[in-house]
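Residue numbering begins at 1 within each chain, and the chains themselves are lettered A, B, C, D, E and F in the order written.
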Amino acid sequence: MVQKPIEYRDASPAVRAVFDDIKTSRKVEDVNNFWKYLAHDAVTLKRTWDSVKEVMAPGALDPLTKEMIYLAVSVSNGCGYCIASHTAAARKAGMTDAMFGEVMAVTGMANETNRLANGYRVPIDPAFDR
Amino acid sequence: MVQKPIEYRDASPAVRAVFDDIKTSRKVEDVNNFWKYLAHDAVTLKRTWDSVKEVMAPGALDPLTKEMIYLAVSVSNGCGYCIASHTAAARKAGMTDAMFGEVMAVTGMANETNRLANGYRVPIDPAFDR
Amino acid sequence: MVQKPIEYRDASPAVRAVFDDIKTSRKVEDVNNFWKYLAHDAVTLKRTWDSVKEVMAPGALDPLTKEMIYLAVSVSNGCGYCIASHTAAARKAGMTDAMFGEVMAVTGMANETNRLANGYRVPIDPAFDR
Amino acid sequence: MVQKPIEYRDASPAVRAVFDDIKTSRKVEDVNNFWKYLAHDAVTLKRTWDSVKEVMAPGALDPLTKEMIYLAVSVSNGCGYCIASHTAAARKAGMTDAMFGEVMAVTGMANETNRLANGYRVPIDPAFDR
Amino acid sequence: MVQKPIEYRDASPAVRAVFDDIKTSRKVEDVNNFWKYLAHDAVTLKRTWDSVKEVMAPGALDPLTKEMIYLAVSVSNGCGYCIASHTAAARKAGMTDAMFGEVMAVTGMANETNRLANGYRVPIDPAFDR
Amino acid sequence: MVQKPIEYRDASPAVRAVFDDIKTSRKVEDVNNFWKYLAHDAVTLKRTWDSVKEVMAPGALDPLTKEMIYLAVSVSNGCGYCIASHTAAARKAGMTDAMFGEVMAVTGMANETNRLANGYRVPIDPAFDR
């Protein structure tokens, strides 16, 4: 009943094409478990990879900033796999120990003040709506 | 039963001291509603302001990066007040329209893949635990 | 397309029976909007009211403590209606301004440390599993 | 300090009555861990089982559709136990691999667009409020 | 500072192309606010529409089932805009009042038992991992 | 890449000072893993401990009530570490089995009705805004 990862050797041509693109784009030997599990649905695999590649490409924000935002959201949502994988990805993109500590500090603080704002039922300042 | 904002003229000396520090630190004429509501609890007001000031100070990350992370978390949590106030704060710190678009795109994508990882019950790659 | 509240005069006998029990149990003239909207589904209305009545009855915890826990969860989830209604209910059960402030402070702090524990991937201490 | 599951042989008559009803209703040899842990509170055990039985019974929606909705919510909330148990339950009710893939795809997409709507502060179209 | 919706007449050719495709695919006169706000980022607009169109197309699940899952997730996340828009979409796809009531009942119950499973720290049954 | 806990013998003077204060305040031999991991960021360690100490001190609410609220929020957020540690802390502060059961019951019910209020789009009663 539990799904198993799909390895390259067992993958369909459609899945292999995505795996090949991930390996080339990221310059890695093999894809992460996330992609091997998504491979059970070749349509979702391709759409998700194409979207991630587009979203995480350098643009107005550099890849490190994007990875730290990805990590902050994953921490806030409590996704264990995503915290592990995006901590690794952010480290690879240049996140230092000090940067990691500050991402955690900001994420923690935001989660605290989000609830204080909810609980005190604070109305939006007119200046923010201009 | 609903609490009202506490204005400077009606505030206790302890609250005024925090308001003064916010105004000086941020170079603003008046504090936002968030602080005027928290002012009902002078202890929480002071602790929260001191913490926010410490966390958001320039360090390994610059203030703009910190504000964009704060915004991403607030968007992910769906805190209406915080989305409005931290969009404004990030704009003030230099967030352009293009940057805003990319923060939203990364936040959206992280929320999607967080759930795909949950649903497919993806185990953490050994490489991430080293 | 938007559902309207169902008032007592327009309600079915099954819905009126629940409304009557709410009014008697809580010693109120009329039921809150929550029940008037749930009244569109008489089965869910009855099950929800019976469950709430059972859960919120005095037991090992007094009604005030239960209402403050209900409020803390609602604040954490960001449910606007529930924050308003359970702040009112907790006030009615005896929550003072100082208690409200402390519920908010604990809720905020828990939300912060929950994310710090997630982000630092802290393993559970063996002592907690004994 | 950690609670242990309560097995049938060690259960009180009140707990056994619920276990018997679960086994008969679901045509299973034994109840899942969820019920064995809830058995520490016989009142919550009975209320929860009665509610689940009522909610999940065939009605305007068939059991498979209900199980897929249950799974989608559990994935969105990141409840590991519930993802495992409701994937199993949905499979038993007829969910195919293709259906599972589509439940995940919709759940992922909803989580993404929920945040885009939050972040862009999109106002509700008047047409939705009619 | 607050973004305004982008109407067709003011839209770039890239945005108009997406708007045209939405209007044709959904047989509607105009697009919803969601798309008019996303239009500030033509790349995210196109990626999101292409993804939603692919995910929500009839497949192993029919459009009504998909819309009800979308609604259940949006309710669970508390996204006000998404609840309004996907209630409307599900209604259009054939959701009756009775079906709506059952989607809400299942969503509510899943949110309750997700937390009971968390709180009682229920371990996954070996049968679910086979 | 994965961070290790920092033990007292390997800690900097700043970290040791916090550890000493935790041990004295809580009358324990050693600090929990949470603090040993946070020790990677001495500034966040100190701020978090000072805040927790202030927030959890007896005030208008007693320590047991505060711990149960902390537990309810942690359960609602699905933070595995926090559920384990705050169950232990609440037990130490006097939470009985019956109290634990009621905290879980209230937390579960709040999560359910929070979503029913969201889904039925219940407007806030004017009485709650007075």
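As a convention for this text, a residue touches a chain if its C-beta (ideal position, glycine included) is under 8 Å from a C-beta of that chain, and two chains touch if they have at least 3 such contacts.
For clarity, every value in this text was computed on a predicted model and none was experimentally measured.
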Those chains which touch chain F and also touch chain B: A, C, D, E
Chain pair, D-E or C-E, that carries the greater number of C-beta contacts: D-E
Chain pair among B-E, B-F or E-F whose interface repeats that of A-C, sharing over half of the contact pairs by residue number: E-F
Chain separated most widely from chain C, comparing mean CA positions: A
Chain B onto chain E, rotation angle from CA fit, given as a multiple of 5 degrees: 120
From chain E, the most remote chain by mean C-alpha position: F
Approximate Å spacing (C-alpha centroids) for the pair chain A, chain D: 27
Centroid distance [mean C-alpha coordinates] between chain B and chain A, Å: 20
Touching two or more other chains - residue numbers and ranges from chain B: 1-2, 40, 43-44, 48, 51, 55, 76-80, 84, 87-88, 101, 103-105, 107-109, 111-116, 118, 120-121, 128-129
Chain contact topology (line, ring, star, complete or other): complete
Chain B - residues contacting chain C, complex: 1, 40-41, 43-44, 48, 77-79
Chain A-touching residues of chain E, taken from the complex the two chains share: 1-2, 43, 47, 51, 54-55, 128-130
Chain D partner contacts - residues on chain E that touch it in the complex: 2-3, 32-34, 37-38, 40, 44, 48, 51-52, 55-56, 59-61, 65-66, 68-70, 72-74, 76-77, 79-82, 84-88, 96, 98-99, 101-103, 105-107, 109-118, 120-125, 127-129
Chain F-touching residues of chain E, taken from the complex the two chains share: 71, 75-76, 78, 80, 83-84, 87, 103-104, 107-109, 111-116, 118-121
In the complex with chain E, residue positions of chain B that touch it: 78, 87-88, 91, 97, 101, 104-105, 108
